[in-house]
Every structure is written in C-alpha cells, then in structure tokens.
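One chain, chain A, appears in both complexes that follow, with chain B as partner in the first and chain C in the second.
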Partner chain A sequence: MIAVLARAALPTSRAIRWTPIAGASALLLVAAMLTAASGRPADLLPAVAAAALASLLVGSLHDPAHDLLAPVPVSAMQRRALRLALMGGAVLLVWTALGLLAQTSPAATAVGSLLALAASGVAVAVWGPARTGVLLGAVVPVLWFAVDQAVPGGGLAADLVGLWRTDPWPVVAVALVVCLMGRHR
Partner chain B sequence: MSAATTYAGVREAPGTLRVVCALAATEVRRVPRNLFLPLGLAFALWLLLGEIDPATEDWAGSSYEGMAVSSVSLMWGISVAAAIAFQRERVPVALGAAVPEVVRALARLLAMLPLLGLVGGFAALVAWRQRDLGGLTVGEEPGRTLEALQTTPELLQHVALAVLAVALGAALGRRMAHLAAVIPLLFLLWYLAGAFYWLYGHPAVTPFSVIQVQPVLVPIGPADADPLAFPDHWLLAAPNEYQDGWSRRFVSTSLAWWHNGWLLGLAQLLLAAALPSGTLRRCLLVGGVLLAVVSAVAEVRVIP
Partner chain C sequence: MTTTDTVTGALLATTGLTKRYGPLTAVDHVDLSLGRGIVGLLGPNGAGKTTLLRILATVLSPDAGDVRLLGLDPTEPKERLEIRRRIGFLPQSPRLYGGFTPLEMVDYVAILKEHTDKTWRRNEARAALEALGLGDRMHQRIRTLSGGMQQRVALAAALIGTPQLLVLDEPATGLDPEQRIALRSVLAGCADEGTVLLSTHNTAEVSALCQHVLVMDQGRICWSGAPEDLAAAAQGQVWESPHDEPTAVRSWLTGPGNRRHLGTPPEGARVVTSTLDDGYLLVTRLAR
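Up next is the complex of A and B:
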C-alpha cells in the first residue's frame, strides 16, 4: 500500500492547489518580518498563523475527483492522509520559518497548537456530510480561534475554548481517535 | 379540413434592469443564511461596546485607535458573504444561464448593498459611542486632549472598508476554486489588517495600508527636546520603549478622505478581477488605478 501511495504522491501533489498556501505563507512571513523590525512583541501572530495554516491544511482535503476515485482500492482515508502529508510538509516549513523570523516566545511557536487546530478540522471534515465536510472542517480552526479571542478569560468557557493553546496534545489525541473511528468514511 | 391554429401571446422579454433586480432580490434572501455575518457583527459589537473603554485603555489613545479597527470581524463576514455569492458563478451550469455573467455579477453586487447599510449603521454606532463616553483621549502632556471625536471621513472608512470587503470577497470567490481556501485567506487578510494595524502606522506606509488608524506618528524631535516648544495645538507622543524621540500625533480630515479614495480605488481593481472581460471591467480597471494613484499621492502630500 505504501508503494501505491508513493506512486500516487506526484499526481496528487499536482492536483492540490498550492496557490492559497503560497499566498498565506507570503503574507505571514512579511508580517513576521515587519513585526520583528518594529521590535514589538507579537505573540498573537503565531496564533493567527496556526488558525490560518490549519484551516488551509484541512481545505487541501478538497478533492474534485472524489467521486471518480471512489471505486479504486486506495481508500478515501488513505487519499486524505496522502494529501495531508503533502500539504502538511509545506505547512511545517512555513511554521518553522515563521518561528525563526518572528520575535515571539518559544511557547508561542510550539507546533502543538497548529496540530490541535488542524486535527480538529480534519475530524470534522471526516465526519461531516460528503459535499460540505471539507468546508466545515476548514472553517473549524479559524472559528475556534475567533471564539477563543472573544470569550472573556477566567471562566470555564474560556478554559475550554483555550484548550488548543493550553493543552494541545490531548486535543490532538482526541481528534485523531475521532478520525480513526471514521476511517471507513 | 382546416383547423384554426391559435398561438399563445408572446411575452416580451424583461429588461436588463428587471432581471438584475429579480436576481438581486433572490441573492438578498440568501445572504442572511451566511453564519459568518452575524458572528462578525456580534464580535464587532462586543469589541466596540464591551472591550473598548478609555477608563481601562492600555496606552493613551488606544481607544481612539481601537474604534477604527473595531469593524474588522464584520468585514470578514461581509467578504465571506460576497465570496459565497460569487463562488456560485463557478458552477459549470452557470455557462448555460439565460442572462450574461456581467448581469448576474451586477445583481450580486446590488444584493450586497444592504450590507453597506449595515456597516453605515455600525459607523453611526461608533460615533454615538464616542459621544456617549464624552470623547476619547489622544496624546500625552503637554499635547493632549480628553475629548477627541473621530471625524466624518474617519467614520466613513468603515463603509469604504465594507466596499473593499465586498470586492475582495467577490474577486476571491470568483477566481478561487473552493471556499475551503477562500475563507481562511479572508480571515488572514482581515486579521493581519486589523489586529496588527500598528505595523502600518509609519508615515511612509500608512497611505498604502488597508485600515488607516489615525493619529499618525510623525517624529518631531529628540528625547531631550522641550515639548513646550512645540506648537500648542499639536498632539504629542512622548519617548518610550518603542520610539526614541518626541512625535506628533497627526490627525487630518483630508488624509482620511483621501484614504477612503484609496480604498475605493482598490475596491474597483478587485471588482474588475471578479467581472468577466468587457467594457465595464476595463472602466473599473482604469478608474481604479486613477483613483488609487491620485489618492495615494495626495495622502503622501498631506502627511507632514
């Protein structure tokens, strides 16, 4: 199966639309350079980047040929994993560059928060309706971030919506279990 | 044998204006189904009425600046609404529609007009809030005021931004393949424009920014300069960890008017990207470039 996926990697990488991630990366890197030049703390920038990059990563699951490929022996979950691996590599490169460029605390650029948002989005995309699942999943990271910004701190609600930042690894674990439960979808 | 043949009366085809209005009416009914719009509005209202308070502001003038960016989440919602409407143009059967694409695009744009009205209402709320608070603080002693109110063009920037938001959403929705990529990109664009507005506050950069937040900091002297030597009517910023010397907090009505012109010029260029090729598109391109260039040059000249 690994050999099949390896052969599918090149055509899949051609089918993935790279323009959105390229545009987002350029914006983020320019913003990181500007914030570093200004000398002001910008811990919010990695958080915004995590939400946007996770959202674009989930959005890469959109496959116009999904129905056409349904009868092939490579399952939908394996094709998703291949897309995520290809796009995930690019996202991690951008994330690393961002961490090097932006003047932020090391905790702000830890990869856990990015993975927590991305895994949650993928879980929703897997379990969502066939036609709109990817769109719903792609919206999850940015909405979660926005709600986290809006909820005032100090209460249970704030603790819950801030889990992707404060305790990202349990979130990743739960999202992965949810994804595994939907591996036949 | 002969049979009398009767023909049904031929109905005259409706005019373009009626078609545009009918399509716009349909689109207007679809717009409220967008979840991002109420979310964006709620977030903007929470920011304006709950979070921005001169009594607890982080630095002198942060409330004044915050009110200029308070509508960013609403702009995101509007852009997403426009993107969803224009994304529908990418459905393959759209090619076979009975009316040309430019008419459908105009109808979609017409359907976005109520959103501009909504933002106009938000701008009025911003103006009311400032008066309700008794004015805002801008500047530091000896150049300081406690009763600053944003001027009309500063308030109208929210509406100009809404026009830009519609145009941006329309261009991305029409030209990008899937909303799953459009929504995060719009999020990123608006968030970087709003939450990091201080990045674009330098006098050389602010004419080309998306959200112009006044006052603009103009360096006027070293840290050991006597602030009492500066003109009385100047609002001042004292040296701090981010700036070495004294700066003037420059507020200008004409700068704000020209910036609105810059935003409308950008909006025309983006709208041109959302429309099919033709006369209207060319007019938008030429008009957009002219307006944007003239406005940017005027802004550069206004800033001392």
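Up next is the complex of A and C:
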C-alpha cells in the first residue's frame, strides 16, 4: 500500500488546490516580517497562524472526484492521509518560517497548538456528513480560536477552550483516536 | 475464469437489501441475482437507483440484507478490497480534477486501482479514451472539455483494468447520439468479461444494449425480465386516438393531434404494438 500511495503522491499533489495556502502563507509571512521590523511582540500572530494553517490543512481533504474514487482499493482514509501528508509538509514549512521570523517566545510557535487545531478539524471532517464534513472540519480551527479569544480568562470555560494552547498533545491524541475510529467512513 | 457465487452462480447477488435515510426507505428489500451480460436499471426520479448502485459498488453500506459481489462479501474488509480491485464505477454526475488532462485523470484512477506498470496504465488509459472518442482530447485540460466529454473521461476511468463488475449510474447522460452508439459497443465488449449494471432513463438504450432489465420504483424492484417481455407486458393495452380517453390510466401526446393511451382500450379502439416505454409506464403505474 505504501508503494501505491508513493505512486499516487505526485498526481495527488496536483489534485490539491494550493492557492489558498499560498495566499494565506504570504499574508502571514508579511505580517510576521512587519511586526518583526516594528520591534513589537507579535502576541497574536502565532495563534492566528495556527488557526488559519490548520483550517487550510483540513480544507485540503476536499476532493472533488471523491464520488468517482469512492470504490477504489485505496481507501478514503488512505487518500485523506496522503493529502494531509502533502499539505502538512507545506504547512510545517510555513510554520517554521513564521517561528523564525516572528519575535515571540518559542512556546508560542511550538507545533503542538497547530496540530491540536488541525487534528480536531480532521476528526470533525471524518465524522461529518459526506458532502459538508470537510467544510465543517475546516471551520473548527477558526471557530475554536475565535471562541478562545472571546471567552474571558479565569474560569473552567476559559481553561477548556484554551486547551489547544495549554495542553495541545492530549487534544491531538484524542482527535487521532476519533479519526482512527472513523477510518472506514 | 470468472469467480461466481458458489451457491447461486451469480456475479452479483442480494437478498433483502434495504437502505434507509431517516424515515425514507430508499432501497426496500431488493433481491437480485445477476450473471454475465448487460443489465439495465430503469425507474422514475427518486426510485432508489443511485442508492442501490452505490451499495453494489461498495460505496454505501446497506442497513439490512446481504450482498455478494463476484462471490465475495463486501462487509469483510479483505474481500471488499478484492472486490474493489475488480469493479468499475461511474457515479451519477461525476466530478473530476479540472487541472488534469483526461489521460492523467484515468491514469490516476488506475494508480489507485493498484496498477503498478506505468506503460500498461498509459496504454490502457489511451485505449479507453480512444474507444470513447477522446483520442484527440486526451492532452487537453479537463476544465476546457464539454460536459459530455467530461462524462466520457469518467467512463474511461470506470472502464480501466477491464472490471468484472461494472456499475454505471446514467452513463449516457450528456452524450450525443454518435457517442451513445460508441458507448454501446464499448459496453457490449465489457459484458463479455462480466456483468455491466447500468441505470438509465432512456428505454431505447435498454432495448439496444441490455439482455435483462430491472424496473425500480419506490425502492423496490417491481419488474425484472427481458426487455422484449417488458414491452410485451403492455400488449393489448395501448391504443392511439386524437382525443382524451376516459378509460386510459395514462395518456400522452405523441405528435400533433395524436395521443397514445395506456389502460383498457374501449370498443373499436386503434390498438397499437406496445413498446418498452409502454411496458415501463404500465409496470411503474401498477407498482403504485
């Protein structure tokens, strides 16, 4: 199966739409450069970047030819994993570049928070309805980020919605288990 | 040798197949047993054809009932994988990658069908595209092709690897008359290797192509047999006249000043030879 996926990697990369991530990355990198040049700390930038990049990563699961490909021996889960691997590589490159450019603490640009948002979105995409699952999944990172910003700090609610920043790895683990449970979907 | 179900000898067999969407039963206790050849699936909009075909293509799981495809059980992961290596599927209104060429698209499907040899894949893809009249378009971006051409690209992708079971949901949609005729020869060739099950709204397609016809209505198979028998089912119950007929269960215009009627002909009516359309209208009418 690995050999089949390796063979499918190049055409799959061509089937993915790269324009959204290219546009978003350019914006984020420019923002990082500008804040670095101004000498001010870019407090919010890593969080915004994590939400945007995670959303785009989940969005890469959108496959227009899904109906045609549905009964091929390479399962939908394997095809999704391939798309995530390809897009994930690009996302990690942008994330690393942002980390180098932005004047923030290393903790703010640790990859865990990005993965927590992305994995949660993927879990929703896997379990969501066939037609709209990916869209719903792509909304999750942005929504979670927005709710986290909106909820005032201090209470249990704030702790919970801040989990993607404060305890990203357990979130990743739970989301991965949820994804694996939906591998036949 | 073709693998067949050891019990029934059928390449495709279902018993009590049922699929529900909430309160709606889209496929209702369908029993099928199909061997080699081309089988046409007729039925009104919403009859459950697509749902049934998606189950038979291993895309959708039924809520109840058994399916055996090529003698294998699609609920068993290993057997499902083996089935998927040997079936071709054309969904209704397929979407493709606009940035690919037809050759790349068909080759991509062949890769995902685990065909390893690149030369073999390219040759097969070329042959399928040429058979469907796309020989001069195979290097053009799909987004620049017409709807009917895109449909033929998807068909070529379904045909790749000479599947033993070919499940086609309205394959002739959007095809011009010349391409419909070309498609008939291609499908007739496929039927030598196994079973072709296709849904259509075109009874002429069924007459020309199918050895067997299934009529589906409200989730059930309400008629099954040879196309000529479906036409014969309405024999003696079709007549023509210039005006409306009170005894007709169905009447429709066939030309200026001429109406065709289905039902019990009145005394002295001009009874005409029934066609597949008449038979289809009669059995779907009786099923309600």
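General remarks:
In this text, the second predicted complex is superposed on the first by the 185 of 185 C-alpha atoms of A that agree within 3 Å, B and C clash if a C-alpha of one lies under 4 Å from a C-alpha of the other, contacts with A are read in each partner's own complex, and residues count from 1 in each chain.
As a convention for this text, contacts are C-beta pairs under 8 Å (C-beta built on N, C-alpha and C of every residue); 3 or more make two chains touch, one makes a residue touch a chain.
Note that the structure is predicted; figures quoted are calculated from it, not measured.
Of the two partner chains placed by the overlay, only chain C lies in contact with A:3; chain B stays clear of it.
Of the two partner chains, chain C is the only one touched by A:11; chain B is not.
Contacts of A:24 after superposition on the shared chain: chain B is touched, whereas chain C is not.
Put chain B and chain C next to each other and count what each touches on chain A; the higher total goes to B. Legend: residue contacts after superposition of the two complexes on their common chain; A:36 is shown touching neither chain B nor chain C. Once the two complexes are laid over each other on the shared chain, residue contacts for A:178 go to neither chain B nor chain C. After overlaying the two complexes on the shared chain, residue contacts for A:161 are found with neither chain B nor chain C.
Counting contacts by the rule stated earlier, residues 64 of chain A appear in both its interface with chain B and its interface with chain C. Those residues of chain C whose C-beta lies close enough to touch chain A in the complex are 54, 57-59, 77, 81, 84-85, 87, 89-91, 93-100, 104-105, 107-109, 111-114, 116, 154, 157-158.
Residues 39, 43, 46, 73, 176-185, 187-189, 191-192, 195-196, 198-199, 242 of chain B are the ones touching chain A in the complex. Contact residues of chain A toward chain B in the complex are 17, 19-20, 23-24, 27-28, 31, 34-35, 38-40, 42, 44-45, 48, 51-52, 55-56, 58-59, 61-62, 64, 134-135, 137-139, 141-143, 146, 149-150.
Residue ranges on chain A touching chain C, taken from their complex, read 3-4, 7-8, 11-12, 14-15, 64-74, 79, 184.
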